[in-house]
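Each of the two complexes below includes subunit A, the first together with subunit B, the second together with subunit C.
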Partner chain A sequence: MLDLYVEGRSALHRLGPGWKILGLAFSGTVLFAVDHVWLSILWLAISLTLYAVAGLPLWRAWRQIRPALWLFALIFVVQVLLHSWQLGLLVIIRFAVLLLLAGLLTLTTRSSDMIDGLEAGMRPLHRLGVRTESISLAISLTFRFIPVLTSVVHEVREAQSARGLERSVFAIAIPSIIRTLRMSEEISDAIDARGF
Partner chain B sequence: MIEIQNVSLTLDDNPILHEVTLTLTEKRIAIVGSNGSGKSSFVRLLNGLRTPSEGRVLVDGYDTQTEGRKVRRRVGFVFQNPDNQIVFPIVEEDVAFGLKNLGVPVAEREQMVDEVLNRYGLLSKRKQPSHTLSGGQKQLLAIAGVLVMKPAYVVLDEPTTLLDLRNKLRVSQAIDGLDQTAIMVTHDLDLVENFDRVIVFDQGRIIADDVPNKALRRYVEAMLDA
Partner chain C sequence: MATKDIVLIALFAALVAALGVVPNITLPMAGGVPITAQSMGVMLAGALLGAKRGGLAIVLFLVLVAVGLPLLSGGRGGAGVFFGASGGFLFGFPVGAFVIGYLFDRHIGQPSFLQGLIYVLIGGIGVVYVFGVPWLATVAEITLWQALVGSVAFLPGDLIKAVLTILIAREVRKAMPNL
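Moving on to the complex of A and B:
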């Protein structure tokens, strides 16, 4: 879901990461504070325009939303049953806009800049004695290990389907978790070894 | 010089290493032995990732137990699986990580990153996501990330085990070219023929410590006896 940085020279690429994170937080607050479907649609249009401004094709935007489609379907059905289809639509648009904007943030911001931006934002906490480097390291590790974990699960699924177990959640989850735990020990050694 | 003085290691009540005493001064030292013989545990003692249950490990006179930071500055560590030691999503960010920890200013960092990536043929991959590199390139990136910190010693724990032949040769060439003292755990016995010293571990003890052909002969004999 979290796509990585795409090289570019647009205004959005050059905008400071702190502003982009603030913009995302602001959009989230407005979207959920104001119950108005037209406002959400307006925000959706703005988000898509921003993709164009960043020089990103529409399929990039679509890729941010696609993994959540089944969740949207579920939310929509629940909202229709409990309230109305209008409310269902409103909720889905809100989530879609947030996904689009979060995706836009990672697509136009190098993760190192984002981390530097977060570190700058967290400076007051740092002065209070919080180890903010650890927080930013945790965030970059998340970015780094999304593709690694995906390939671990993929490998385990292949191995299990060779034994006819591709439909067993346990047969896939247990070895994946064990491998991940083992990995995490070595990763933490590697971080120590590099003087963190 | 790295001195291992009467070191024993026990993990969760399991004895792993028994009274090992060694002085490491040669430029190329290989550690060999069967799986579970204690090689990884031993080399992790050298940069303080593990500390001895008994005895002392001194790196240029610094005790790994009490001067961990100074020791880790001197001793770089390359792991078997490059996927577990590349901690940043983009190639150049990962190389810069150690420099950042050392407090090197940004401008200087950039130049050092350039230099080391160039040396390992990774300059064109500078801005790429690290997960898109091949296995051999990932291991070279891991080595670059360690070397950029200019350690005096480089410890490598089976750096070629997961690689195919072509990548194995590339990584081994990179290791041959190191200016530093290198201490390498390996199962690729053909890679250590021109090393200065080979140490053979078996069940947490040293059973041979000699020039390559003698030490390796003793290793093979021991495995045939068992």
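Moving on to the complex of A and C:
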């Protein structure tokens, strides 16, 4: 299964996903509650240090920010025109820190561990009458279905390209969706037959 | 919820992911403007699966994105995308799918093209922008009005997707009358 996780043995890799999510939420709250540029710069330094601790090279950190660069430029221009360059700087740094930390969470945590964490976190909901095993089933089914449906979409696309329609949204979406919906009947019968 | 509903939710979540993996599906009539089939999945989920199943399918898709699978078109994923400028739009997606589904659910009989289009516009554009625009205004420290003006660039593409959604949903329903 494809995953954005990067193999490693650092303390951050070993830390439980719940703690990392908590740290991310804490950082976001503090950064938005305290509108101070020096605090943001401090947090930026901490974030980059954490990348080093995780053994991730600087280009990994850069890759987290790169997609947002055009937006940074836009925000900075708007803030300079309306308020001050200091506020522009604060907004951009705060933004960059959140992207860096969220990226760090993704890079140092396996998707499967995140899902295990998620399921553990949902367990108390069971007492409130939520059927958490249905949620677990849905998550694992989706994992299994993604490669299946990717090949369905590919097959439909190849079939349509024989007709010169490989770039048509209709010619690809309609048959793919119908095949997907037809599959649901057989699969749910198979699951019920195994006594879920 | 019956097993069939769970399976449908999972299948549709996976379909939305698969539509993002297949590159370069463009629309001939839009003058070559690339349309990612993926963002149409939100509207389709609501229109085809109804409120509860459609909304949950999109929630499930976003959960898998959040835990680090690169499932958004262009191979993006991870917790970071929710903090980005378009994070609010992502949070608006499941609500939008739910609202579209709700409007379709309470409609007696098949809605006409125009009725369906109005439903998709309310949920897929109205509701999604209600989440996306204030979020953009907050992270960028700009006014709501400025954020709205900045989002208008996406409106033509979204309108085309709404029309496509209805055309596709009608064809699919013709083939599968009892979803």
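Assume the second predicted complex is superposed on the first by the 123 of 196 C-alpha atoms of A that agree within 3 Å, B and C clash if a C-alpha of one lies under 4 Å from a C-alpha of the other, contacts with A are read in each partner's own complex, and residues count from 1 in each chain.
We adopt the following convention: contacts are C-beta pairs under 8 Å (C-beta built on N, C-alpha and C of every residue); 3 or more make two chains touch, one makes a residue touch a chain.
The model shown is predicted, which means the values in this text are computed figures rather than measured ones.
Set against each other, subunit B and subunit C differ in how many residues of subunit A they touch, and the higher count belongs to C.
With both structures placed on the common chain, the touch criterion links A:L22 to neither subunit B nor subunit C.
Shared-chain residue A:L4: touches subunit B and subunit C both. Legend: residue contacts after superposition of the two complexes on their common chain; A:V37 is shown touching neither subunit B nor subunit C.
Residue contacts after overlaying the shared chain place A:S168 against subunit C, while subunit B stays out of touching range. Legend: residue contacts after superposition of the two complexes on their common chain; A:I191 is shown touching both subunit B and subunit C.
Once chain A of one complex is fitted onto chain A of the other, the partner contacts of A:L71 are limited to subunit C, with no touch recorded for subunit B. Contacts of A:V153 after superposition on the shared chain: subunit C is touched, whereas subunit B is not.
Residues 4-5, 110-111, 137, 141, 143, 148, 183, 187, 191-192, 196 of subunit A touch subunit B in one complex and subunit C in the other.
Taken in their complex, subunit B has these residues touching subunit A: 44, 47, 49, 69, 72-73, 76-77, 79, 81, 83-90, 93, 96-98, 101-102, 127, 129-131, 145-146, 149. Listing the residues of subunit A that touch subunit C in their complex gives 1-5, 21, 24, 28, 64, 67-68, 71, 74-75, 78-79, 82-83, 87, 91, 95, 98-99, 102-103, 105-107, 109-111, 114-115, 118, 131, 134, 137-139, 141-143, 145-146, 148-150, 152-154, 157, 167-170, 172-174, 176-178, 180-185, 187-188, 191-192, 196.
Across the complex, subunit B is touched by residues 4-5, 7, 110-112, 137, 140-141, 143-144, 147-148, 183, 186-187, 189-196 of subunit A.
Partner subunit A is touched in their complex by these residues of subunit C: 1-4, 6-15, 17-19, 21-22, 24-28, 35, 37, 40, 44, 48, 56, 60-61, 63-64, 66-71, 76-80, 82-85, 139-142, 146, 150, 164, 167-168, 171-172, 175-176, 179.
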